[in-house]
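Dumping the structure here so I can ask a few things about it.
A, B, C, D, E and F are the chain letters, set down in written order, and residue numbers restart from 1 in every chain.
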Amino acid sequence: MAPLEIPKLAVGDRVQHELLVREREDKVTKAGDPFLTLKLGNATGVLGANVWKEMVPQVQGVRPGQVVQVIGVVEEYAGRRQLKLTAPPRVVPMGGADIEQFLPRITVPEERLWAKIDAWRAEMHGPLRRAVDLFFADESFRAEFARTPGATRGHHALVGGLLLHTCEVADIARASAQTMGGNVTLVTAGALLHDIGKTKTYTVDLAGFDYTRAGMLLQHIVLGSLMLEERLRTLPPQDQLSDEQRLELHHFIQSHHGQLEFGAAVRPMTLEAEILHFADNTSAKGNDFTEAVEDAELFPSAELEFSAKRSWRLERRVWKRSHRWD
Amino acid sequence: MAPLEIPKLAVGDRVQHELLVREREDKVTKAGDPFLTLKLGNATGVLGANVWKEMVPQVQGVRPGQVVQVIGVVEEYAGRRQLKLTAPPRVVPMGGADIEQFLPRITVPEERLWAKIDAWRAEMHGPLRRAVDLFFADESFRAEFARTPGATRGHHALVGGLLLHTCEVADIARASAQTMGGNVTLVTAGALLHDIGKTKTYTVDLAGFDYTRAGMLLQHIVLGSLMLEERLRTLPPQDQLSDEQRLELHHFIQSHHGQLEFGAAVRPMTLEAEILHFADNTSAKGNDFTEAVEDAELFPSAELEFSAKRSWRLERRVWKRSHRWD
Amino acid sequence: MAPLEIPKLAVGDRVQHELLVREREDKVTKAGDPFLTLKLGNATGVLGANVWKEMVPQVQGVRPGQVVQVIGVVEEYAGRRQLKLTAPPRVVPMGGADIEQFLPRITVPEERLWAKIDAWRAEMHGPLRRAVDLFFADESFRAEFARTPGATRGHHALVGGLLLHTCEVADIARASAQTMGGNVTLVTAGALLHDIGKTKTYTVDLAGFDYTRAGMLLQHIVLGSLMLEERLRTLPPQDQLSDEQRLELHHFIQSHHGQLEFGAAVRPMTLEAEILHFADNTSAKGNDFTEAVEDAELFPSAELEFSAKRSWRLERRVWKRSHRWD
Amino acid sequence: MAPLEIPKLAVGDRVQHELLVREREDKVTKAGDPFLTLKLGNATGVLGANVWKEMVPQVQGVRPGQVVQVIGVVEEYAGRRQLKLTAPPRVVPMGGADIEQFLPRITVPEERLWAKIDAWRAEMHGPLRRAVDLFFADESFRAEFARTPGATRGHHALVGGLLLHTCEVADIARASAQTMGGNVTLVTAGALLHDIGKTKTYTVDLAGFDYTRAGMLLQHIVLGSLMLEERLRTLPPQDQLSDEQRLELHHFIQSHHGQLEFGAAVRPMTLEAEILHFADNTSAKGNDFTEAVEDAELFPSAELEFSAKRSWRLERRVWKRSHRWD
Amino acid sequence: MAPLEIPKLAVGDRVQHELLVREREDKVTKAGDPFLTLKLGNATGVLGANVWKEMVPQVQGVRPGQVVQVIGVVEEYAGRRQLKLTAPPRVVPMGGADIEQFLPRITVPEERLWAKIDAWRAEMHGPLRRAVDLFFADESFRAEFARTPGATRGHHALVGGLLLHTCEVADIARASAQTMGGNVTLVTAGALLHDIGKTKTYTVDLAGFDYTRAGMLLQHIVLGSLMLEERLRTLPPQDQLSDEQRLELHHFIQSHHGQLEFGAAVRPMTLEAEILHFADNTSAKGNDFTEAVEDAELFPSAELEFSAKRSWRLERRVWKRSHRWD
Amino acid sequence: MAPLEIPKLAVGDRVQHELLVREREDKVTKAGDPFLTLKLGNATGVLGANVWKEMVPQVQGVRPGQVVQVIGVVEEYAGRRQLKLTAPPRVVPMGGADIEQFLPRITVPEERLWAKIDAWRAEMHGPLRRAVDLFFADESFRAEFARTPGATRGHHALVGGLLLHTCEVADIARASAQTMGGNVTLVTAGALLHDIGKTKTYTVDLAGFDYTRAGMLLQHIVLGSLMLEERLRTLPPQDQLSDEQRLELHHFIQSHHGQLEFGAAVRPMTLEAEILHFADNTSAKGNDFTEAVEDAELFPSAELEFSAKRSWRLERRVWKRSHRWD
C-alpha cells in the first residue's frame, strides 16, 4: 500500500493507514478531564490528533516510537488540519517492516541528489577520484549515507538529510570557488567528504534520531578522519595519495566548522577550506530559515509576520515576508 | 604614455616612468651609513628600490604620496626584482593629473563587472528595479562606486575593489539562493546595495585610502541606509516602494555583517539576508586568502609551505599548497 | 468619571470601574476545579482577581487587551490586596475610548518633564536649537514622544516612559559634563535626540507594547538617524547645519549604546558621546533597581531581604535594604 | 624658589631650575652620531630637550628618576617648544627634598577638592558620618590620600589624582541618585570610600608611580575592605555600625567595578551601588577623553581631526571636534 | 535512637522514624485526583514517598523544613525503592533537637578528615603553623568549619562538605607541588585556608542551605581575607608574620578561583597559588562527576549509558561507563 | 669529549668546545660601530657572547642552527656570566653528528622517567596493558617519544619535554583519582596516551623546534587518535579491545584540552577524563611558573620581586617570593 500523503490531505478525507507515533502528551482539560494529544507521521509529514476522555483508556499503551494502525477522518481544529480518530489506534508489531517509510524524510528525490554527486565524481581524476570513490563508489556506504540525517535535531534532521546537505554544500562551494579563483574540483571533494563521520554519529530508528556511543564520545569530525584514514589505507601502494594530498583531505574535515569553539580542530588554512566552511554554514542556516517559516511553533497563527518567539536554532526571531516583489 | 606594466618587468629592463611613492623608510647600514628603501608603484603593481648613501641627499624631499619621475634599471636583489636608480627621482607636480593611474587597482577589467551588474539589473522589474536603478543607472554614482576601494586596508583595498567585491558577493549569493530555494533576484538587489555606503566612507588620493569624517563617525552601514532613504524619496509617488519593500532593502544593509559585534544593527531575519551575509564573508575572506599566498611578508621565501607568521586579516597562518591534484 | 486610583485602594473599598485585562491565567485547584486569575489595571496600577469555579463560565470570553466593567470589593489574600468580584466582568467595546487611560503610565506628571525639556531648549542657540526644535517644538512629535514607552518590556515600559527616561538621561549627562569639563548644552541636545527613533519602534495599544515592523527590522538607532536626516533636510538653506554638526548629532544617536555588541554602530568618540552613553545606562539600570524592589515576583514575601531569584533585567539578585542610615 | 611654570614658558625664555628627568632615550642620527632626548618635568608639566653629540659625554650619568639642575633656553623645534641646554645638567641629591614638587600633579587646587569633601561630610550624621570620618577626619589619611594617584598609568595618573577622581565620582553619583530617587548622602559616602584601598596600592617616588607589594598581590578592592574593617573595629562599642550598615559600606567597595571580569567580587545589588559603578566609569573614561585630545602621541599634528591611532586606554580612535556649536 | 540508615533499606522493611521533609510537590493524577510526592531524608540519604488522594487532607500542614514522624513500609515503584506510608506523618517540634542529624551529610567520617588535617599541621613550623593554628587549633572554629557545606547547591552541598572538599584540595595540591617542585607545606596551608570564608557565607538549617547576608553581599573570598586579617592581628608582636608572609596567605585566598570572571580578585602569581587553583577545580568538578553518575534526574533509568540531559553543574552530558577494564 | 656543563662554568674558566648557535643579533653601538650578540648553547644550557667590531668580519657566516667550535674565557658582564671569544668561532659540519647533544634538554635523567612509566605499565592488565604497550613497549616509539618536546615554544619546549610532561601529568592524575575515587590505573593509561600525537606534530633539528606539515594542518589531538587507531588495528583478533574500551581511550585524547575553544573535540564526560584535563593544565602551567622565575627577560635584575612585565605564557606578572617560610 502506498504511504499516506499527509501534505495532500483535505478536510473530510478518511484515513486508514499505519503511522508512527512521534509524540504523546497527556493533559487535563479545564474541566478536569484527562485527554491527550498525539503527533502521528510518516515520511511525508506529521498530523496531530486529540484523544478525548472516552477513548483515553483505549490508548494507554500507545507510546512514541510505535507504529499504529489509525482509522479516522481529517477535520479542522483551531485553523489547522488534524485527525479525528473514529476508532482506537492499534499498535502494529514492527519486526521486519521497513522502518524508514515512517520517519521524516527529505522531499527531494534521492536519485536526483545521487545523480549530481556522480556527475561531480566524473569530473575528478587521479588521487582525488580514488579518495572520493573509496566512499561514494561503495554501495554499502551510499546506502548508509543516504539514510543518515544531518543532525538529531536542527537543520536537516530527516532521513536523507545528510545527502541533501552535502549536495547543497557542494553546490554553494563550487560557485564560491568559481568566483574566488579556487579549485572547483578539489572543493567538491572536500564537500563530499566533510561530513562522512555523521554516518557513525547518529542512530536512526522509530524512536527518532539519536547519538551513537562513538558520536557522543568523539563527535563526527574525529570519526570522519578515522574513517578516511581507514579507507585510504586500503588503496594499493601505487594508488596511494601523497602525504600532502592525504593531509589536505583530512584538513577539510577537521577545519570545516571554522573555529575551535565550534568544534574545528584547526581553522581553515586554504582558500578552499575556508569556502567549504562558509558553504556549510550557508546550507545549515539557510535550512533553518526555510524550516522556521513553516514551523507552527514559531508562527502559531497565519497572520503573524514575525515569529512569536526566537527560533532556538537561529537564536533570533524570523520575518515571514508577506509582500511580493514582482 | 601607457603606464609601466610592473608585473611584466624583467631583469635588465630600463625604466623611465612616473611612479607613486608608496612608502619610504630611512635606515642605517651595519657600517653606519644612511640609506633608504622606497616602494614605488602604479595601478599595475609595486616595485622596491634601495637608495644608497651617495644618492641619499638627492632624495631628501621625496615623500610617500608624491609622484616621481624615475630613471633606472631592473635588477635582482635577495631573490626579488627591484629597481636600481641610475638618476635621482624627480618630484612631479600633480595638479591636474589623473590620480588613479598611480593607485593600486583591481586587475579585472571594470567593464566586465559592469556588464554583469547590468545583466542582473535587466532581470529585475517593478519596485526592485526602480530602487536599484536609483544608484546603478546613475552615471555619477557608477563613477564614484567604481573608484571606491572595499576597505582602507584589508580585503579589496584597491581602486575598483568595491565593484569587484559587490560582484563576487552577488555571484555567490545568487548561487546560494538558487540552491536553498531563496529569491535570486531579490538577493541580487541586496548584494548590489549592501555596501553603497562605502562610497561616502573612504577617501581615495595619492596618500592612499583613508576614512572620511562621516565614515569615521558613522561607518558604512548607517551611511548606506541614509543614502538609500534619500534616493528612495526622490521617486515619484506612483513609483514609491511599499513600506515592507523599503524596509526589506534597509534590512539587507543593516544586517549584512551578521552579528551585532561586527557592526550589524540587527541579525538577518530572512533567508535572503542570511545568504547575503555569508556571501559577503566568503568574498572578503576568500580575497584575504588569495592575497595572503601572494604576500611577501607572509611568505618571505619561495620555499615556504606555511606562512612565516599569522596573517593579521585572517588571524591564522596560511598554507600555500605545493602539491598538485591533477 | 475619574479613573480608579488603584494604589490608594484599601481593604473593603468597593470598585465599580472600567479596567483593562492585562493577563489571564487558567488553572485547576488541587481539588480538580477550574479557576482563573486576572490582572486588571489602568494607568495608575494593577490589581489581581481570582475567579472561582462558579463564575468561570461567565468570564469565558474575557481576554487580555479587553476593557471590562468590573464590580467588586477589595479584600486581602496571602498578604496582598486583591479584588473579589461580586458580579461577572462585562466587556466594554473600545471604539472611540481613550486607550491610554487604561495603560500603565509613569507617575511623574508629563508637564513637569516638558517644562524641563523646554527650559533646556531655551539654553540652546543657533544650529543646535534649530536641530532640537525640529522635533521638540513640533506638537505632533511631542504628542507621539510623550506616549511612547522606553521599551516593550524592561526599563520604562510605560506610557510616557520614553519622556521620563529622556529627562533622566539629560539630567545625569548634564551633571557629568559639568564635572568632567564637557559641553553641557551639547550633551543635553544629544540626550534629547538619542532615542527619538523609539517613536517609530514601538506600538502602543490595549494588548500592550510591541514592535512595529520597522522596529523589528531596523531597531531604534537606525530609525533615529533616518528621522533626524529627514527633518534636517527641511531646514531652509541658510539654517542648514554644517557637515560636522550634522554628523555629531548622528554620532550621538549611533554611539549611545556604547559597544557594538549592544547595538551601537560605532563606539563613542567624544567626551560628550561617552558621557551620554553612561547616563543612558544609569537611567536604564537605575530604573531596573527601583522597579525590582517593588516587584512581587522578585520579592514574593514582605520579609525577604534579598530577591527570591535573579531579576532577568539585571541578571542578578537584588538587595532590599531593611535598615536605616539616619 | 617657586617651581618653574612649564606651561607658561615662551620661546626665548631662560631656564635655570631643578627638574625631574622623566625619560631618557639614546639614539643615533642618520649620520651615525650619538644623541639623546630627555623629557624633563615638574608638577606643572613636561618639556623635551635634545642633547647632541658634543654634550653626550657630559650627560652619561643622567637617568630617569633623578632631579637635575638645568640651564638653557626655550626654543621651537618641529612645531613644539623644547629646551636647548646651554650647560650640561647637573644631578641634584634628593635626600630631604620635597619629592612631590617634581611629579606630575592635578591642576585643580587640592583645597577646593577638600572643601567639597568636607561639605559632603557635614551633610552626614550618625553611623555614616562616623564611618566616613574614620578616614576623612584623619589628617594622616588625608595627607596620604591627597598624594596618591588614581592609577600607575591611565586615568588620573597624577599626584592628587585619587582625590580628584573621588570628587568627580561623588559629584556624578549624587546627581544620578537625585534623579533616580536614590539616597544621595549614602551614595556620597560610598563614593568617598570606594577607592581608599588605592592609598596602599601605589608607590609614589621620583621614578614614577608603581605598585606596592600589597597592590600587586591583592589589588585595591580587597585592600579597601581590609582598611575599612580595621578602622571600623576601632569605634567604641556604642558607636559601632550595625551588621547591615557595615556590610553595605563593604558592598560599595567590592561591587564598584560592576562586573566580576573587571575585578568586582560581586555585582552591585542596590540602586546606590549601581549608580556608584557608573559614576566611577564616567569619571575614568571622561578623564581618558580629556587627556586623549591633549595627547601628542595621539594627535602628532595640530591639523588632525581624528587621532592618528587608537588610544590604548579607550581602545578606539578619538575625535577632536574642530567646529563650534555657538 | 540511632538514625535510620536509608541506603541499607530493603523492600519490605518497616520504617518508624523521624525524617526531614526535604521537598513536597502537589500534583493531580490523569484522573483528576490530587496527590503529592514527598522527599524525606536524614544525614544518611533520601527516600521518596507518594501520598495518594485519601491521605492528602491529613498531610496538608506538612512542609519542607519540618521533621515528621513517619510510619510505613519500603516498597518498589518504577524500579526505585520508595516509602509507602501506612499512617499520616506527624510533625515533630524541633525546639532543642539536633538539627544536623536530619541534614544531608558527607559519608566519610569526620574524624578521619580531622586526623589528616592535624597531621598536616604537625608538619608546619613557625609563622605558617601559627597562622594555620589560629583557625585549625581553635575548637569553636573547627566545629563551625565541620558543619559548613561546600556550597548551597552544587559540589559538596552537604554538612561536612567544606571539610571534605578542603581535604581533597590539600591532597591533590600536595601531590601536584611534589611533582612540580613546589613548596608542599606552604600549599597545604593555602589549601586549609582557601575557603575559610565559607563558614560565614552559608546558613545551615532544616530548610536547607542558604546564603548569609554577608555571603550575599561580599562572597566567601572577601570574607576569608577579613577573617584571616582579624585573627592574624591577635598574634603577639613577636609572633607576627612578616608583610610578605601575611600577603602570601591572603593571595592564596584571593586568587584561588583562578580568573577574575570566576570571582578571583587577582590571578595566581606563584606556582603554589596556581597549583591550589587547579586542585580546587579538580575537587569541585570531580565531585560533580561522582554525584552526576548517581543522580536519578540525570540517569532516570538504569540502562542509560549517557545522562538523559546535561548536568547543570558540568554543563555537559555525562558518560556512565558500563564496561570494565579489568 | 663530554659536553661542556654550562651551568657549572665560573668566571675565568676557559672554554674550547662545540656549541650550537641559538640566536644571532646584529647591532650598532652608540658610537656607530657594528657588533653582534650570540647565544650559544648545548643540552645543558645557554651562554651569551658579544662579538665586537674587530671580530665581526670573521663571524659573517655564522648563523643560528650551526654548530661552531668556540674558544674563549668566561667573564662577567652586567651581572651575568658571558663568554669572551679569544678566537673567531669556526663552523663545524654536522653531517653525522649527534644533533641532540646540542639542543636544550630536560635536566631530569630520562631513565628515571622511563622507570616510572614502566612501573605504571606493570600495574596494568588485559586490554589496557595491551593498548599502552602498543606504544610504550615499542623501542622505536620510545626513542621518538623521548626526543619530542612538549611544544615548539612555551612549556616543556625541550628535548625530552614530552616525556617529562607525560610523567608529571600521570603523577598528578593518579593522586587526583586516588582522592576523588577514580580509576587510578585507567587514568594513568589516559595520561600516557594523551599526547602521543605530538611525536608526529613537531620537528627537532638544530634550527630549533617547529611544526611538521601534519602538525600544522591537523594538530596533535587528531594525530593522536589516528595513531591510536592504527596501532589498535594491529592487535590479533582475540586481543582486540571492546568498542567501549577503544572509544574511552580515544575520548581521553580528544577531551584532554577540556573545552572546545582550546582544541578539544569534546568536553570530558567521565571523572577520569576530567581529572586528566586538570592534571595536564597543572603540569603545563606549573612548568610555566618554574621557568618564569628563572627567565632573565621577565626578571632582568636580581632584585626584582615581581616580573618586569607579563609572561606571555601565563598572561600575567609573576611573583618571585623573596621571603622564607621556615
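Things to note:
Heads up, the rule we're going with is that a residue touches a chain if its C-beta (ideal position, glycine included) is under 8 Å from a C-beta of that chain, and two chains touch if they have at least 3 such contacts.
Chain by chain, the UniProt names read as follows: A, B, C, D, E, F = HD domain-containing protein.
From a predicted model like this one, the values you see are computed outputs, not experimental measurements.
Number of steps on the shortest path from subunit B (HD domain-containing protein) to subunit C (HD domain-containing protein), with steps defined by chain touch: 1. By the document's definition of touch, common neighbours of subunit A (HD domain-containing protein) and subunit C (HD domain-containing protein) comprise B, E. Residue-number overlap of contact pairs with B-C passes half for only one option from D-E, A-C or A-B: D-E. Centre-to-centre, using mean CA coordinates, subunit D (HD domain-containing protein) is 44 Å away from subunit F (HD domain-containing protein).
Chain geometry summary: the mean Cα position of subunit A (HD domain-containing protein) and that of subunit D (HD domain-containing protein) are 62 Å apart. Work out the mean CA point of subunit C (HD domain-containing protein) and of subunit D (HD domain-containing protein), and you get 40 Å between them. Contact of a single residue of subunit A (HD domain-containing protein) with at least two other chains is seen at positions 28, 32, 213, 216-217, 244, 248, 251, 269, 306, 317, 319. Chain pairs that touch one another: A-B, A-C, A-E, A-F, B-C, B-D, B-F, C-D, C-E, D-E, D-F, E-F.
Residue ranges on subunit D (HD domain-containing protein) touching subunit C (HD domain-containing protein), taken from their complex, read 125-128, 168, 171-172, 174-176, 178-183, 185-186, 242, 244-245, 248, 251, 267, 269-271, 274-275, 278-279, 281-283, 285-287, 289-290, 293, 306, 315-319, 321-323, 325-326.
By the touch rule above, subunit A (HD domain-containing protein) contacts subunit C (HD domain-containing protein) in their complex via residues 28, 30-32, 305-306, 317, 319.
Interface of subunit F (HD domain-containing protein) with subunit A (HD domain-containing protein) (complex): residues 213-214, 216-219, 221-222, 225-226, 229-230, 243-244, 247-248, 250-251, 254, 260-263, 265-266, 269. For subunit D (HD domain-containing protein) in complex with subunit F (HD domain-containing protein), the residues that touch the partner chain are 26, 28, 32-34, 211, 213, 216-217.
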